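Next, two complexes with chain A in common: one pairs it with chain B, the other with chain C.
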Partner chain A sequence: MSGAPSARSLLAVMGSRASFLRLLTITAAIVVVFGVLRPTVFLSTSNLQFLGLASPELALLSLAIAVTMLTGGIDLSVVAIANLSGIVAGTVMIASGGSAGGVVAGSLAGLGAAMLAGAVNGAIVAGLRVTPILATLGTAQLLGGIGLVLTGGTAVKGLPPLFTDVARSTVAGVPVVFLLLLAVALVLTLLVSRTTLGFRMRMLGANPVAARYSGVRSGRVLVSTYVTSGLLAGVAGLVISSRASGADADYGTSYILLGIVVAVLAGVDPEGGYMTVAGVVIATLALLFLSTGLLALDVSSHVVNIAQGALLITMMVVNRYSGAWSRAVRERALVRIARPRRA
Partner chain B sequence: MADVMAGTTAGTASEPTAPVVAARSLTKAFGGVLALDAASTAFSAGEVHCLAGENGCGKSTLIKILSGVHPPTSGTIEVGGSSYGHLAPRQALDLGIEVIYQDFSLLPNLTAAENIALPSFLTHRRRFVARAAVDAIAEQAVARLGVDLDLRTPVGDLTVADRQLCAIARALAHDTRFLAMDEPTTTLTWREVDALFDAVRRLRDDGVAIAFISHKLQEVFSIADRVSIMRNGRIVATGRPEEYTHSSLTESMTGRATSALARETPTWRDKPPALEVRGLERLPLFTGVDLAVGQGEIVGLAGLLGSGRTEIAEALAGVLPATSGTVLVRGRPTRIRTVTDAVEAGIGYVPEDRLTQGLFLDQPIGDNVLATGIGSFARFSVTRPQRMARAAAGIVHSLRIKAASLQDSIRTLSGGNAQRVLIGKWLIGRPKVLILNGPTVGVDVGSKFDILSLLHAESLKGLGVLIISDDLPELVSTCDRVLVVRNGRVVSEVDRRDLTEKALLEAVAA
Partner chain C sequence: MKAAGASRWRRVAGDQELLLLVLLGLLLVAVAARAPEVLTVDTLFNVARESMVTLVFAVAVLIVIISGGIDVSFLAVGIFAAYSAVSLVPQEGPAATAWLPFAVAVAIGVALGLVNAAVVLGAGVSTLIATLATSAVFLGVLFAFVGGTVVNSIPEPLRVLGSTSLLELPAAGRGTTRLSVLVLPVLVVCAATAAFLRWTVAGRSIFAMGGDREAARRAGVAIGPTVVLVFALSGALAGLAGMTHVALSGRADPTTFFGGELNVLAAVVLGGALISGGRGSVRGTVLGVLLITCIRSSLIPLGIPPVWQEAVIGSLLILGVVLQALASRVKPVRAILDPADPVLAPAPLRRDVVEAGDAR
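Up next is the complex of A and B:
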């Protein structure tokens, strides 16, 4: 790699699609509007720190969903995997008495469980050829059940302070978990745009038949994809249990829907063939800006839900319409060519 | 309908009659693109007038101006002796000008009979339509056309060929004086093309002036009474087909000499064959298949649809592997169970259906070219963008793919360029054998010529090429020999010395 990256390659990494620029515009608009309406609350350090603490778990779960969308799939089990990861990690940490070694071992065990769960998803999707939406809905249920059995239905409590302090610490005012998110995002960006696996994931999502004729081993690629997704969800699980000082088998089920919202908002193509890591991180922030901004205006949390839903639908309509526009023009031309039906 | 044909003699156009429709110095600019450049031509009653030329030379634009879709930038349209600066679509229709586009503009939910008859009711401003009247009109039209068409079937359920016949019957039911058909045979099999041509000839003998657009030479020769060749928006030559040969027509269309395709057999006989297959079997698709392709040899694989030729190719490509048999690549035995096995053995396969099996339409051209060989542009699985870009640019350049940027999606390319991307995707990995299934289907003459010369050039470097094709002239002009497949077996071989279209047709149909 010599010389400065061209504007084109930079755009390629950032996601050159118009949807990415729209996302930036919307995010900026949200920040400006609430910044003007409630500068003291919205732009306060405590609000920004809250965002820095709250965004990583949602962003990680959204990324976990987005990588599967890149291959034309989806992972509905990310929250269940995150919870399982937290439960396994917490259980190991508590069992090992809260030592530094125990915290590391627990974290690795949690991530291992998450990757194993991802491998199961991959095996069902690739080996048994079950559609991803059904396969992961099934494993979500299964993993939730395993979590309940492991915990006996109660939350895992009393995690070692060494572990829970991570979520509380900051570097130069920035929460450590947010820095962790940025590091993961960087690695994932490289995985997606600079490895053969990322390349093949994109090709498989873009056209599975052509991928097969091109010699892409779709089974391997899919298993790797779902393991990656599981790992991301596992990291999210550790972040959650560190922040919440505990782990629970039915924590955060609303994150599934929110994660899909974020991915679509980011412009990730649910049909496969395109994803943007930077876009997902920004979309997470946009969504959280919107909710904290509205809460700063003292509206009820129902209004926040409505606004989030409205934002998603608006983005989808805009994305669809801009893609469909050229098609509509073509169709109109065809109608003109076709026989006039009326005098 | 009587008034329509008055004064014209049907059939043999021994003496040119006054044209039904004529273009007088028509020019059309789209922004900066000059799609038509002072084109003048005339279409006479009872004559099939072929417009031939490479993609983008302005054939469709000419027809669209004559039928009122586009107004010309300058020039006039003459219909039945009157001049028009431009026509409105409705006006063109009322003057008896009809165009059959590739999508036929039929209504899929109505039956064939309704599609055929309704327009004539509409022009007569009838609001209530009796079923019996509809059937009568449709039956009459179909009978005149001499075709067998199930009139009760919704058009959406008809085959493409039958839909086409339906569109022609509709033209017939509607007092059409000038019928333009824009590349009507693109999606038809050759049997269907025969049926279509019979219908077109009947229409001609009925006194209709016909403009037939095609870039397939074979078709031009078999249907045309007159042929006009277009290049870069101009009509560069007009004449009777007898005045041309395949190569003079191609040269006139492309402006390039064709002699480059004539070849000596360069097979490297002293080397092991690029591909040798013995006893390949996958029941019930094919069995006992023996074949060999020498290094530097181009071998054709001919056979009817369903003969098993595609299945044999896909078995060698690892898409649907054979259950038994021996495959040797340059003398080395290889087992092919997956596409990856085939890739690793050095066998490339350009599939039949470019759009769904071959290309990633919304992905960049550069990534499409690298889709198969990406592994060799990575170290420890980390891709090397500069090498990738250099390799992709090299292939795009050497295959003369016309693209503004490697980042553009495949959708921006024409059929010929997209096909070259697909071939480039394999060539980049330096295969030992390249199998191509219908390499020039839907590709214009110029590109077709370029693609075949490209295969020729690659074969000279030692590549073994196996071409599956329905296009017999293409097999004749390109191959060193042709193997004929029937019922899943290679049943005969036509050698270079005996390789003519006629011999091939007999061998395939035997």
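Up next is the complex of A and C:
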């Protein structure tokens, strides 16, 4: 399988579904429209750099949600996990005086806390069989509360420059955090499409009963899924605290709903069984392209909200009916072949 | 009959309303022991005042949850309806015309609910995602075209209504403490919703649809109209809740409810509504909202630092959903195979499912 048809298998990995092609088309259309309307602002280096800096946190959080959607679940606690990860990392870094070792230790502590939080989610979902949306609603509140307790209600400030410089540095003009996102996306793609765990996650999402009869231990798979989701949220938390030079228990609550929007826009099936990592990254960019493009046209930021909602509704309607339309066209053609008009 | 005993025990443990009552009682005992001076009519009125608006929103969410969906647009609908109504109705007028802004807000709420229903039915996606999209649109339209600034001078009749008291009693310290007259419509709406869900064909259809959509369809429930009804009702209640908030606070701030969706959902779930639909009650929702408000207002008298508030509520929420999951896990399987077994056939119909809600 691997090797010869690499282009095709790459496409398969990226999700060769029609919804993915539509997403690409719409993204390209957004870029072209705003590129023509406001080339000087929209295509400027500063706008692209802003996108490179702003997209990773949203994309990572959306991926964290998408992974759980793959198994037919959802994770509403990703933002709380991200904030907790940032708070733990920041606290350790400040305590260690900002040395290089302290920064590494802090980052690892943050990721560890995030994975632990993910494991708690997984245990509640798999072990106690609580509906994911409820379990993560509860843990979101709990983890947010723990973050508040850890910080005492204020933001963690004064992170070492060694850590905050990461978000500011670029490689060949591309922000390092964007490269980090690409690396994470690549690893996640391989995990979902090429590993046994990924296969089991897809099976579990597509048909939990069939997966159980095929010998998939759903508990283990679910725990791994939520730990993965927690880890992704933890990375997002590090990116956020590096970029914002601080960590806060209240940061970015609107990201939960936005993350679901991105995942659905990408064509991830909330009922489970299908996800596309590349689609999530592209959908994040499409949403940000749309908002910076509209802002470049000097419309109010509230019109951006409307446009994002309208984009989501449009994509959902198109995804629903395009399949039905093409099927109807095909069937009509078949009927014509089967019953040729009498001369 | 050890198994039956165990299952009954677990069902009792899983009885959300009982659990909430016990928790409320424990809270009351704890407050009475630690800070008896707080237990005044003053505090009672505070709890009532803080619960009112959340309660109406929670009932709006409850209807959607019972029907098998999850609505996250209710706060956007509420503030959209209230803010637009405040700017539409005349500023002056006798206090008797205070019903007008409420009627306008409810009408706008119904209209936005119909938009929700159209998206849910048209796009055929889960209500969570559909209402996510519509709430972004609603808020965008509100800010871009209706207005985004805080209105500090609400119409005169509304202001008068908001400051009218049902009860006015001397406060524990000095001055008086009052209970707004708006508590009456809130109670009426709760009772009416409970009655509607329990005693009308349409109300039962909502339960049926939430329990099993396909089974409900085959039993003759018209799915499309029921979905429209659910969202129209939920929109109307959200509009009412938004208007109540505006009348109580005396100002219309379009940003008031930002980010509070999950808190209301949490109260409803804590109240025993099954998130996958088919089960839930107004009574449980009232208890859920009251419990969360009581916890919030009793943490300080209990000497618990305010930063712990979220963590405590989160733990309680997890406790609630875990108990709910454990209780549903031991529900006896329908007695198809072995009707002779008294454990498997506790009753011809499983009352807890069939007569879900207030009928329990």
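The rule is short, and it goes like this: the second predicted complex is superposed on the first by the 315 of 343 C-alpha atoms of A that agree within 3 Å, B and C clash if a C-alpha of one lies under 4 Å from a C-alpha of the other, contacts with A are read in each partner's own complex, and residues count from 1 in each chain.
Definition applied: contacts are C-beta pairs under 8 Å (C-beta built on N, C-alpha and C of every residue); 3 or more make two chains touch, one makes a residue touch a chain.
It should be emphasised that the depicted structure is a prediction, and the values quoted were computed from it without experimental measurement.
With both structures placed on the common chain, the touch criterion links A:Ala135 to chain C but leaves chain B unconnected. Once chain A of one complex is fitted onto chain A of the other, the partner contacts of A:Gly273 are limited to chain B, with no touch recorded for chain C.
Looking at the shared chain after the overlay, A:Arg194 reaches chain B, while chain C stays out of its contact range.
Look at A:Ala123: by the touch rule set out above, it reaches neither chain B nor chain C. Once the two complexes are overlaid on the shared chain, A:Ser214 sits against chain B while remaining clear of chain C. More residues of chain A lie in touch with C than with the remaining chain of the pair chain B and chain C.
Of the two partner chains placed by superposition, A:Val33 touches none, neither chain B nor chain C. Contact with chain B, but none with chain C, is seen for A:Arg202 once the two complexes are overlaid on the shared chain. Comparing which residues of chain A touch chain B with which touch chain C, the overlap is empty. Interface residues of chain B facing chain A in the complex, by the touch rule stated above, are 64, 69, 89-90, 93, 99, 101, 103, 105, 119, 122, 125, 317-319, 338-340, 342-343, 349, 351, 356-363, 367, 370-372, 374-375, 378, 381-383, 385-386, 407, 425.
Across the complex, chain C is touched by residues 76, 124, 128-131, 133-135, 137-146, 148-149, 152-153, 253-254, 256-257, 260-261, 264, 270-271, 300, 302-310, 312-313, 316-317, 320 of chain A. Of all residues in chain C, those touching chain A in their complex are 70, 72, 119, 122-126, 128-130, 132-137, 139-144, 148, 259, 261-262, 265-266, 269, 275-276, 306-315, 317-318, 320-322, 324-326, 329. Those residues of chain A whose C-beta lies close enough to touch chain B in the complex are 1-2, 8-9, 12, 16, 194-200, 202-203, 206-207, 209-217, 273-274, 334, 336-343.
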